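Listed next: structures, encoded as structure tokens.
Both complexes shown next keep chain A, but they swap its partner, so chain B is in the first and chain C is in the second.
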Partner chain A sequence: MTGSLRQSMTWLHTWSSITAGWILFAIFLTGTLSFFRNEISYWMQPELHQSVPNEQSVIVAYDYLTEHAAQANEWQISLPDARKNTLDLSWTTPGEARERRRGPRVQLDASTGEPLEARQTEGGNFLYRFHFELYGMPREVARWLVGIVSMMMFVGIISGVIMHRKIFADFFMFRPGKKLLSWIDGHAISAVLALPFHIMITFSGLILLGNTLMPWNGEGHHGGPRDRGAGGGDRPAAVEVAKDFDDNPPFDKMFRHFEQQWQVPVDTLSISKPGTNKVTYTLGGGNRTELSAGRGGETSFTFDGNGEQISTRPANSEENTAQAVYNYFDMLHQARFADTPTRWLLFFAGILGTIMVGTGSVLWAVKRSKQQMGQFGFELIRGLNVGTIAGLMTACGSYFWANRLLSAELASRSGWEINIFFIVWAMGIVGGLIWRDRKGWLVQLSLAGTLFTLLPILDSITSSTSVFFALNNADWMRLSFDISCLLIAAVLWLSVYYLAVQKKGRRGRNVPASPAPKRKVKPLKTAGGEA
Partner chain B sequence: MTILTLSTHPKFLVTLRTLCAVVGGYAASACLSLLLAQWLGLTERPAEAFIKMVFFVVFCTLIIWSFAINSHRKAFIHMAGLNAVVWAVYLATQGVSA
Partner chain C sequence: MIGLAVFLCFIGFTLFSMANKKHFDLAFPEQSLSTTGKWVLHVVGWAFLVPALLICVQLWDTEIGATVWVGMLQLASLLVSACLTYLPSVYLNLCRYGLLGQFWSRR
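Entry: the complex of A and B
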């Protein structure tokens, strides 16, 4: 501002981040959890846990469809894969009203073919939606808000890099034991270790909100309306067709052909004109070879009724460089390409980002505690730190608990799960404002720690099958949720331990606990050196 | 509080400085990204995607640049000057192509 470059950047970094800190923490945490959106939704629908995929799942699906949807002109079968244990079927029947965009759909147990009725829940989608549209406010307003704080985050990251005097030297330095310095270390390490991720995720998040933040850059501003492709005509009228399902389709042959070619299992199968002699089978799988076009980077094979390959639909690719780069960022942000190890890597990078934002906000208060103790602004931020950081962890834990404890038949139960999330969070914030000190942190973190520690036990008791069933059947979706809960619990208990030990050490050294005398607020003119 | 004391009040200056960086930076980055897309001959969806990416990089750079300037007065003048130049160029090229 008016001092040296580093002082200006420190000022910018501090104020750009602290004013957006709490909402950023919530966005970072819920966004990180969204990398496991499917797994969370699956965990939150325990009725699905009994489904165990096997080799015969495709036959199970086929048999169900021949029985229940023989007259349909197309069947879609989504087979179990690494992120899904059930069979998801849908079909389109001729003569159905055009407005009904999707035909009937059903979720089946992958080994028995029994239809599964899952409880009503928003599952992981609530966390996913929250991270860019918040909740309970007009969508555009929320997107603006998220966009603005993301921009503040982006400025915070870049100014943070500039203000860092010895970014490489500091990276290799760890100074445990020194209270203030170790907070800085925690902040700097979580920031530097995953810096490319932080920049990527913030920037790609911004461009995904680009339509909201740049209303002047919309459709039609750059040379006419875009071509959205021709709209489909009306569906053909219903005509009863004679169908013959006596012969089993050559699934073995087709699957072997596809899997040999791509070395990945088939996960989608669509059957056109089933039961007629014009039947065709289209097989797809996780064989993405192209990211530039965004979605549709996979290649699918189409086979005729005898299992001979008749055509290939190659992966889409984007020819325009600008559009392709944009799509890369889009795919990166949403991790659409990620296999299991990559997804975990992104998840850990996201956790580091969450820690970076959290420690940053705490650091602000720790640095000022001596001078500003007792001042309104300082105390407000200190209280909000407890309530938004520890309180949000408790709220997330309560969301999962509510999912299992609320009756599965409760009317508008998915709304209640969300209400409980916000009620607990609000209680956390009020509690944090009242007990702003170490005790407040200890209580709220212990509460969150307890909730997360006991989640696997709750899972075992309240699901249709126990955790041992999941272990036996290698249900990794459910197990990884439970393991993540224990990991999060471990982090929470570590923080509790750290705070408790610090308190003891502090008492032992006989540091005066009373707040320092109030001081007049420093004028912002010299704010550069303040942070 | 007279205008004179207000204009030197630190909080007022910081607010003004922030407004200058955010509003001035937004206007200049919008214009710069439009100009760049135009200069590269991009249209329709590629132009839209290109502008989305360039805009945020330029905006961030301008905010940091604006705060890095060592005096309030210089920061206002530079930001206003930059906006004047880019908008003049943009309007001029619009006039030519229209």
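Entry: the complex of A and C
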């Protein structure tokens, strides 16, 4: 009975996964990169790299607003934090045209207060959007498609757990240099060790797509009519008011109070009725303690003009259990709560997921290479493997290159960046279908390796400031992007090396077919016996 | 503190891996692992994982802390696996001399 269940699960696992494997690989890779969406966008806007935050940044913002937005009735200041180096300001002025719902906004250099004009780019948002809405197709269709493959992923995970013969016995087992066995181990280890993440990310992804997959829930999106507030009337007409700005607002006192209470830095400051005697300051920061509270799970403090705390807006709390569960998965999937170490942990698990999907697809082909070589279906899958896995890496590298090489003034340049991404990927797929063997892998992986290796140099040359400037000013967002590129390049070159060595091994008969890893197990075994 | 938590998870998982016959035989080819020994390794392994959880809760509060802890467990298990594969001497020495290995070595 177990045998037959296991067999049917193996069948289900194989066929449910291989048909969705390539699109899942793309979703996993772009989704994993989206954990660092802000950082990628920042890297892709080199005009912002000159901004170096300091203690005085809030004063810089305040001075800019008193000068340029004196008549506004509310100022919003988004301060530099671990994921942002610029000052983002926006304000609302009475009498502004109603269609400008958000009011004017500006991005400033955090130390000089000079307005920064970043190039037009989708940045990390393209990768983020792509991972659940794909590109160039109606949103609903894309969401359905992503929903279906996510469901297949979920089926793959569950059937994979059932079909795994020795989930505990082989828990830590990786045997390199053994061809099929190594691929199986690699696939299993990347799946089993990060299983909690895989289940969480797939399940929460399905929940986030819930409105698409189950559109008959009787309510609008997120349980409420969307046109709330429509027809609320025009804003009051502009009346020039004499303003008297406090030259020395009590920022120090308020910030200290907030930061002592929460042990996190202030990252948003909104000033209501600035320049009047009714001015209030509202401070917020990443002080969330609960995931189930959902968006708005942060507590903010409001202070009067003298810096005395007058009220607290407590974090939202969930309305009911279902909402709490939804919030919990929403927060987890989108990593909205995550600080830097947590974000890296999620990223690391996402990489394991990407490896799991990639090794699974390759494993399918390796397993059947002897029997099915030359058959149409097998060759198609083999070719698509090269084109989606290695081709997508090249496409991602090209996307970053295009960002720096396309002229900053080019019309619809963000569209062109994306076009280049897809053109390169399409070329990768065509190339993969033509050269389906080792050569195809070698060429495409080397190409991707070259692109990623040179990215930090390209960054240094084409940004307004060099990498040394970033190093001097501890600009970790930019540096970690560059370092990650080098790490990705190292992995790509390592794969190229292994492929090349294997090839050599096949040609020379005396050389083992795969590189023999330097394992010192045997001598130690005897040593252990003596011990 | 974060590094310490990851390290505790790593030790915990190393103990779990020792409770696996395959890896145990590698470290102590002349000994056999009894059921009691297996249980001891598991319990002591958990005794390392729980403090790591407490550190995470201390740093991030319950909900987020528990989530981060699971992320750390994933990282630690991969580290153990990588150590076992690519640094077998480090792994075996850790088993024999670092952890509960003395218990089996002396017999």
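Brief remarks follow.
The definition used in the following text is that the second predicted complex is superposed on the first by the 487 of 531 C-alpha atoms of A that agree within 3 Å, B and C clash if a C-alpha of one lies under 4 Å from a C-alpha of the other, contacts with A are read in each partner's own complex, and residues count from 1 in each chain.
Definition applied: a residue touches a chain if its C-beta (ideal position, glycine included) is under 8 Å from a C-beta of that chain, and two chains touch if they have at least 3 such contacts.
Nothing here was measured: the structure is a model prediction, and the numbers come from that model.
In the superposition on chain A, contact is made by A:154 with chain B only, not with chain C. When the two complexes are overlaid on their common chain A, residue A:162 makes contact with chain B while staying clear of chain C. Looking at the shared chain after the overlay, A:215 reaches neither chain B nor chain C. Contact with chain C, but none with chain B, is seen for A:193 once the two complexes are overlaid on the shared chain.
When both complexes are overlaid on chain A, the residue A:206 reaches chain B alone and has no touch with chain C.
Applying the stated contact rule after C-alpha superposition, one finds that A:329 touches chain B and leaves chain C untouched.
After overlaying the two complexes on the shared chain, residue contacts for A:11 are found with chain B alone; chain C is out of touch. By the touch criterion defined above, A:320 lies against chain B but remains apart from chain C after alignment on the C-alpha atoms of chain A. Chain A uses residues 524-525 to touch chain B in one structure and chain C in the other.
Of all residues in chain A, those touching chain B in their complex are 1-3, 5, 8-9, 11-12, 151, 154-155, 158-159, 162, 203, 206-207, 210, 214, 216-219, 221-224, 226, 320, 322-323, 325-327, 329, 523-525, 527.
Interface residues of chain B facing chain A in the complex, by the touch rule stated above, are 10-11, 13-14, 17, 30, 37, 40, 42-53, 55-57, 59-60, 63-64, 67-68, 70-72. Of all residues in chain A, only 168-169, 171-176, 189, 193-194, 196-197, 288-292, 328, 332, 337, 341-342, 345-346, 348-349, 352, 517, 519-521, 524-525, 528-529, 531 touch chain C in the complex they form. The residues of chain C lying in touch with chain A in their complex are 2, 13, 16-17, 20-23, 26-30, 60-64, 67-68, 70-75, 77-78, 80-82, 84-86, 88-89, 92, 96, 105.
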